[in-house]
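Okay, so chain A shows up in both of these, paired with chain B first and chain C after.
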Partner chain A sequence: MKLYFKYVGMLLKSQMQYKASFIMTALGQFLVSFTAFLGVYFMFSRFHSVNGFALSEILICFSVMLMAFSVTECFVRGFDVFPRLIQSGNLDRILVRPRNEIFQVLTSNIDFSRVGRLLQSILMLAYAVPASGIVWTFDKIMTVVFMLMGGMAVFASLFVLYAGISFFTIEGLEFMNIFTDGSREFGKYPLSIYGEGVLKFFTYVIPIALFQYYPFLYLIDRSEDIGLIFLPLLGFVFMIPCYCFFRFGLRKYKSTGS
Partner chain B sequence: MIELKNISKTFKVAKRNAGFSEVLKALFKKEYEYVKALQNVSFKIDDGEMVGYIGPNGAGKSSTIKIMSGILTPDGGECVIDGLTPWKDRISHVQNIGVVFGQRSQLWWDVPVIDSFELIREIYKVDDSRYKKNLSQLTELLNIGEIVKTPARQLSLGQRMRCEIAASLLHSPKLLFLDEPTIGLDAVSKIAVREFIKTINRENKTTVILTTHDMQDIEALTKRILLIGKGRILLDGSLSDLKERGSAHKTITIDYSGDKLPNLDHMTVSKDIGGHAEIIIDTEQVTASQAVSYISSKVEVKDISVMGESVDEIVASLYKEFEI
Partner chain C sequence: MKKYLSFFKIRLIAGLQYRAAAWAGIATQFAWGGMTILMFWAFYHNGENSFPMTFPELSSYIWMQQSFLAMFMTWFYDNEIFENITSGNIAYELCRPCDIYAIWFTKNMAVRLSRMMLRCLPILLVAAFLPAPFNITLPSDWLSGVLFLVSVILGFLVLISFSMLIYISAFYTISPMGIRILATSVTEFFAGAIIPIPFFPEALQPIMYALPFASMQNAPFLIYTGHISGIDALQSIALQIFWFAALLAVGRLLMKRALRKVVVQGG
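On to the complex of A and B.
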């Protein structure tokens, strides 16, 4: 853990070498997610509710999703840009160092400029928490905490899966963005509004709904089922197959010529 | 102690011809070609040895190094280094090795070199006293005391390479892999790097395995040479073995007075431009000194020089001989 912070310090130092670039990127991130927020806001100024969900309720959904995504994207960035790690040959370097591979990939890249997006989601959550009209009892607070944790677990797994695939096809992985960036976009609204099929897909294939939709129902008192609080933690189970797949890819790793 | 037995590795390479229609075809049906990068490679290297590993591009040098350093898993064969199999016991194995890839950096690009050293020290869990000792030895031998406070991106290639080498020796590895360490360096840096490699091999008893295309590196550094081509070990011996394998020709260059050389027995005149000539002799038939005195008895020689084949030429002729 001490080593992790050393790495973090190193990366922070590196990124602060280019302060202007850092600030511009962070600002850009903030603005992009802000326009998304405006989109939701203007729609609700006309319709007041979507599928029976009020704006303030949806904002909770939105901000939890955004926060989970931006935290993951910041700290699991190494897996997100994994193909670059392979192409540049830096994975070789990782493999000749006496530390766990996952740890080293995580510390190869941490993107602090994602704080823009993170800040946006914090602001949104800060607005939605009192505005939603939810009575914040202990179980409700825990639900939100679990939703965030589960969300990070699922997104991290998706990035690891993405990295695993890139062992086999070094290029042409854009389709994976459907699952990562796509989930983020889909996840702005409670997943049920897209219909039964999409909900099933995001429950059983890519388990986004586990942390976004079902516990959300408990949160806004649509469901009384206590079990829904813990459902997001299943996201950690999703990590296992993704991790195994990554290990499998690593064994098949070919390296690049030099 | 390094021991490789029948190591084999095959790569699957996607193949397609040029042209737009071929691109479309490749979208649906990919054709693959299997390239045998290594076939039954076996050799032994003792502790403290310095070995030059040479061969043309694509011969399998890097693949062997990558297998020995635990990056690649071979398809078959055994490799045991100090009792460990690199790709199975990766973490404990790499604690004992240092790797320098000449074309890739291991330093963090934007921070001063010394910060990278500190982090590497943490990664390898080097204790304080040993780190200080190694660092002072390395900065002195490689003459990098002045430049370690500069960010890596602002260093010249020669300066950076010296820092790279230092970085891979901070944890006092028993085995050092150098993959083209002098590539792109100027003469001064090359000599400095060579001298340093010699020193650590002599004083720290570090086993060094060096791949290079620069035959001067080989001449300056290694006693033993492994020649690889098309994935097979073709020659395992000393530099003089290698020279014997080369042809027994020497070239005598002379400046003489007159317009044309007379006929010379047992010698081939390869170039004669009136006053300046190159003569090739076969040392199995006539020695160089015999040839020189014979030539000077025939013509009035103003200047003369005798040249053996360079290592580069020998290696090139070996590549040709083995058809690699």
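On to the complex of A and C.
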């Protein structure tokens, strides 16, 4: 753990060397998600509500999703650019070192410029928490905490899965984007608005709805079921198959030789 | 002219080799388009009356957007060009008896076109057979079809001449990543890639239509769907010509100034 923080410190220092570029990139990240927010905002200024959800309620959904995504993207970035590690042969260097591979991939790349996106999600949450009219009792606060934790677990698993697949394809698989970037994009709205089929898919296949939709229903008093509070924690179960797949890929791994 | 044509051909053929990547791309874009339409469908159910387009128009718009994504994607920049500038390899390119602006322009066109050619047809074909109102339909008359073709080429040229400005900015900043992401997000938003321009608040729309970004994908797709027709369509095509000429002139001017001052730092 101490070693991890040392790595974090090192990466932070090295990224701070190009301050102007760092600030511009972070600002750009902020703008990207800010325009996404404006898109939602303009839709609501025209339609006022969707499936009975008001803007302030949707923003909770949106900010939790974005926050979980940006934190994960920042710290699990190593898996996001994993195909590059394979292509460049740098993975071979990692494998011969006497440390856990997961640890080394994690510390190979941390992208602090994602702080721009994080800032956007914090602002939205700060606005939505009072505006949504939710009475913030202890269980509601815990629900949001669990939603964030579950979200990070699911996104981290997806990145690991993505890395696992790239053992076989060498190149990054564009299709995975629909699950990572796609969930961020479409998770702006509660997944139920896309219809029954989509909701089922994102419940049983890719468990995004477990932390995004069901606990959200409890938050805004659409459901009384206490069990929904703990549902996001199932996201940690999703880590197991993804991790196993990664190990499986690692065992089959042949170096590209470059 | 001939040498630029061969640059174009080399890039185009190279781009056409990535077929497996194209299939993955098609699947992704199809899912993406489908989700977007479902999202709008939910809003449509909530307030049919405040929907600024008809639903078939919107479906056509989204599917056009997905099939021509490679042509109009705002986040795509040729890393080779940036690397050439930051690494100093540009010195070699300057030695060649060609116009760098024209080379970069044709390279960009070729890469985008090759990707579009591989992806466009399968998406359009499947989208055409989806149940109404989620499918893509042909333009209502042949005239809008012709206007669309003119407009889509112009939009393409406007987009590339805009992205040339971003490439040129690398001469001045050395680290172009920041500007690139800023430009991407602004373009994406004002071009109507996040939500189509008719969905913006009425007060903002006149400004948005006048900006060069609306002359990229917005104009051809709205003409295709029939949302803009007749004299309005001609007007937006005229605006596209104007923006293309303006961006081209500015780009060439900046390029000339940058090259006069370019300092290759050894190595």
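Everything that follows uses one rule, which is that the second predicted complex is superposed on the first by the 256 of 258 C-alpha atoms of A that agree within 3 Å, B and C clash if a C-alpha of one lies under 4 Å from a C-alpha of the other, contacts with A are read in each partner's own complex, and residues count from 1 in each chain.
Please note the rule applied: a contact is a pair of C-beta atoms (placed from the backbone, for glycine too) under 8 Å apart; a residue touches a chain by one contact, two chains touch by 3 or more.
All values derive from a computational prediction rather than experimental measurement.
Of the two partner chains placed around the shared chain by superposition, neither chain B nor chain C is touched by A:V145. Legend: residue contacts after superposition of the two complexes on their common chain; A:V198 is shown touching chain C, with no touch to chain B.
Shared-chain residue A:R99: touches chain B; no touch with chain C. Within the superposed three-chain model, A:A126 lies out of touch with both chain B and chain C [touch as defined at top].
Counting the residues of chain A touched by each of chain B and chain C gives the higher count for C. Contacts of A:L12 after superposition: neither chain B nor chain C is touched. In the superposition on chain A, the residues of chain A contacting both chain B and chain C are 18. Within the complex formed with chain A, the chain C residues making contact are 21, 24-25, 27-28, 31-32, 35, 38-39, 41-43, 45-47, 50, 52, 175, 177-182, 184-186, 188-189, 194-195, 199-201. Within the complex formed with chain A, the residues of chain B that make contact are 11, 58, 62, 66, 69-73, 90-92, 94-95, 97, 99, 101, 103-104, 106, 108-111, 115, 118-119, 122-124, 151, 179-180. Of all residues in chain A, only 2-3, 6-7, 10, 13-15, 17-18, 88-90, 92-93, 95-100, 251, 253-255, 257-258 touch chain B in the complex they form. Listed in rising order, the residues of chain A touching chain C in the complex are 18, 20-21, 23-25, 27-29, 31-32, 34-36, 38-39, 42-43, 45-51, 171, 173-175, 177-178, 182, 186, 189, 193-195, 198.
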